[in-house]
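Letters A, B, C and D mark the chains in the order given here, with residues in each chain numbered from 1 onward.
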Amino acid sequence: MTPIDLNADLGEGFGPWRLGDDAAMLDIVSTANLACGFHAGDPEIMRATVRAAKARGVAVGAHPGFADRAGFGRRRLPVGAAEMENMVAYQIGALSAIGAVEGYPVTHVKTHGALGNMCAEDLELALAVARAIRAVDATLTFIVMPGQATERAAERLGLRAVREIYADRTYQDDFNLTSRSEPGAVLHDADAAIRHVTRMLDEGALISTSGKRLRARIDSVCIHGDAPEAVSMARAVRQRLEAMGHTISPFAAGSVSR
Amino acid sequence: MTPIDLNADLGEGFGPWRLGDDAAMLDIVSTANLACGFHAGDPEIMRATVRAAKARGVAVGAHPGFADRAGFGRRRLPVGAAEMENMVAYQIGALSAIGAVEGYPVTHVKTHGALGNMCAEDLELALAVARAIRAVDATLTFIVMPGQATERAAERLGLRAVREIYADRTYQDDFNLTSRSEPGAVLHDADAAIRHVTRMLDEGALISTSGKRLRARIDSVCIHGDAPEAVSMARAVRQRLEAMGHTISPFAAGSVSR
Amino acid sequence: MTPIDLNADLGEGFGPWRLGDDAAMLDIVSTANLACGFHAGDPEIMRATVRAAKARGVAVGAHPGFADRAGFGRRRLPVGAAEMENMVAYQIGALSAIGAVEGYPVTHVKTHGALGNMCAEDLELALAVARAIRAVDATLTFIVMPGQATERAAERLGLRAVREIYADRTYQDDFNLTSRSEPGAVLHDADAAIRHVTRMLDEGALISTSGKRLRARIDSVCIHGDAPEAVSMARAVRQRLEAMGHTISPFAAGSVSR
Amino acid sequence: MTPIDLNADLGEGFGPWRLGDDAAMLDIVSTANLACGFHAGDPEIMRATVRAAKARGVAVGAHPGFADRAGFGRRRLPVGAAEMENMVAYQIGALSAIGAVEGYPVTHVKTHGALGNMCAEDLELALAVARAIRAVDATLTFIVMPGQATERAAERLGLRAVREIYADRTYQDDFNLTSRSEPGAVLHDADAAIRHVTRMLDEGALISTSGKRLRARIDSVCIHGDAPEAVSMARAVRQRLEAMGHTISPFAAGSVSR
């Protein structure tokens, strides 16, 4: 029984608004990445989501993004490394405090949207995120994409890294996701997603759209929570992982090492 | 030489905007209360202010307020204890993280504006703030007004409390500040403020506008940083305190006990 | 065939978020009140909703609220008449411009949430709203609740007024809605809502929870669009109104006079 | 006596914050471009600035920018033509309504910051702005930079255009401003700014940093209001223009034609 983590981005509401079915997703995943009030989330939603995760033993981590609610953190903003370090530290600290009042410590950090894309591509920005993590709590795990600058930054600063693959996104030859603006970037069919995940786990590699095998350590599978088909796809992916002989458990429980 | 603390609210800008002359105030005070991004402040301003305070040995603390920039946190919002606990924890955590990346730990918490007024009056809300402080970091000091609910909440939860008086605000018989909407609520003249502070320190009591002596422990004097006359008044108050034989030093250095 | 208007509050999303099923509601109502970017709404959503309304011949109007997205405009803010006039004028002007680029003029104004409650109770604030309407476009209709300050303000300034009743809210003896914090304030059952509406239209009066008949002119029925049961209740109300012999048509078409 | 217009961007505060000395600038310029609540400004500040402008006979216009207060509208956001049209229409409508309640109609539109730079470079975006202006009020004047896409868009849609030069900014050979990130982009010295303006007006051309004369119609001179030296530079520029024989008057008074 090989343990593997299943993670999703949750708590992506704001004020009166909600995205996705967080309660259903928390019954499926082992790890939740929580919006921290910048691109989505507010103290109430953060607290409620931490509490719901705690009740199910789902690990919670910070999912920092740009302070751009209107754009849901998906628009690139021209920020330097210092600004990146500050905004990420702020968000990790905020969620950590919410975890503290709920008595459920946060375990990790995963970057969101355009902020995440920029860090994946730019080592200076990725190092800024890694410095923020290390300063706020050096025991936090950094969820990264294999082959990206965030992975190198985690290694360079001695952070515990977890490598994730996306169940519903395809890859290019440079380990990067196919851009959402391209056709075939997102898999909307659960069967296709399951085949995609299965093959990557079996081969221990990302499979690019050109058919290349890109060797990669894989510790976690990310499934999206906000698409209409999200919950049923997440459930199908979990069942398939279990059928393959995996135990679904948060990486925080020790499935990975530095 | 009796040590006394001199505190001011700083870092009250946002984006391109600034309030007051923070650099000048940081040369005068021993303790700075920093806006945490809700009523004012953003990660950049928070970091820069923490850095400037660190360079001068000025203690920094969180100054949480309502998420209402347009109203500068001065408008009461109908929040319950749970909501209060979450919003205050969030802000303390955020500033603590900024302190961590700068390598300069935060020492205390002081509530801002309408949030502060509501907590001073309502023990349930004050206890919510005290719980947030204790959960995030039980060693943080809670700056309170003598005779208010916040003082009782600090005592009940075993937090270290610092009692402050306002140099430029007058008091009512119930230990409360005269409301800003009443005439005589704010002293704009440095000499009047100095006489006010001197008398309260000499007598170990608040002096109300009706002339009553309200016995109170006084550990810190608060001076405002955003009025036009702020810097010169702050300087004059500091000189007077030193002439009275006080050493100006952050309470964090041990001038108070639980 | 007596014409009657059926109105709902729509366009209440923001950025990535949505509330309710606007497309379904636009197939049922004759009039839509659109959030204008303060408590909800943004230029994209406003434009899309105006376009969808135009395609169905549904009248569109401004639904101004407080600039408080986190509280969805449901929290009272301490504003004076001048501030009220400015914030309402701003929002009417903004939606009017969106109507202009879409080539579909706005027809009316209806206040939202806490801003609306405050104006219903306070004639000074209601007159401020009426002045804003008159200044921006004196031909706009003001949707008001019978017996409230907004109705008197519309009359005093010579604005065309439309009186609405709520299908799913109960009334007190003073013509006011039962507060949401009281039991029985909201009817969740379509049959109960239909009986409530039918009786009020039949008797030409509001019926209070104590059973009082409060004579009132009724030009429009408001149905909410954001509750889970909203669409089916709206459909049922419409069918009942048609079965009673009413034609559903926007008041803008001439069903009311000054 | 050749009339010329002197314009400045004003009303750039938000909530408790202010930028620049608007009262002083309003005594110097003939035209004010007002922030409309997106990158800066709010209904209160807009109303107060319109009133102050009216009292001095200074023309007021909309200065639409991106909804990015933290970045003061100076960060490029990836928006398409439809989104541009909506956000510009919204802001023009909002200020027009504030002008209406004050009884002082707005006369023009000038784009702000990154939104303005993007429109100056991209004809599709510039046409979207021009369509918004024409739809909301086809009599509004469009302040543009000579040789830019905004000028062509104004001509193509038949809008009245006013061409402006910047007193304190230098030009490149392609009629564009030198980017703020380059040395020499901004003139901080009043004498240098006056020589710059004088030469451009005398020669009827922009003068690029390479010394090229770029023939251009010049109807207005823009001076910035938020730099420390802003007021004294503005005063000096105005005095020089008057000494050259110009009358300072808003273009709205008829100094330009379509």
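Keep this in mind: a contact is a pair of C-beta atoms (placed from the backbone, for glycine too) under 8 Å apart; a residue touches a chain by one contact, two chains touch by 3 or more.
Remember, it's a predicted structure, so these values are computed and weren't measured experimentally.
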| item | value |
| --- | --- |
| Set of chains adjacent to subunit B and to subunit C | A, D |
| Angle (degrees, nearest 5) of the CA superposition of subunit B onto subunit D | 180 |
| For subunit C paired with subunit D, centre-to-centre distance based on mean C-alpha positions, whole Å | 38 |
| Subunit A and subunit D: spacing of chain centres that average the CA atoms, whole Å | 44 |
| Touching two or more other chains - residue numbers and ranges from subunit D | 42, 67, 70-71 |
| Footprint of subunit C on subunit D - complex, ascending | 37, 42-44, 46-47, 67, 82-83, 85-87, 89-98, 100-101, 103, 131-132, 135-136 |
| Residues of subunit D touching subunit A in the complex | 67-68, 70-71, 75-78 |
| Contact set on subunit A toward subunit C in their complex | 13-19, 40, 42, 69-72 |
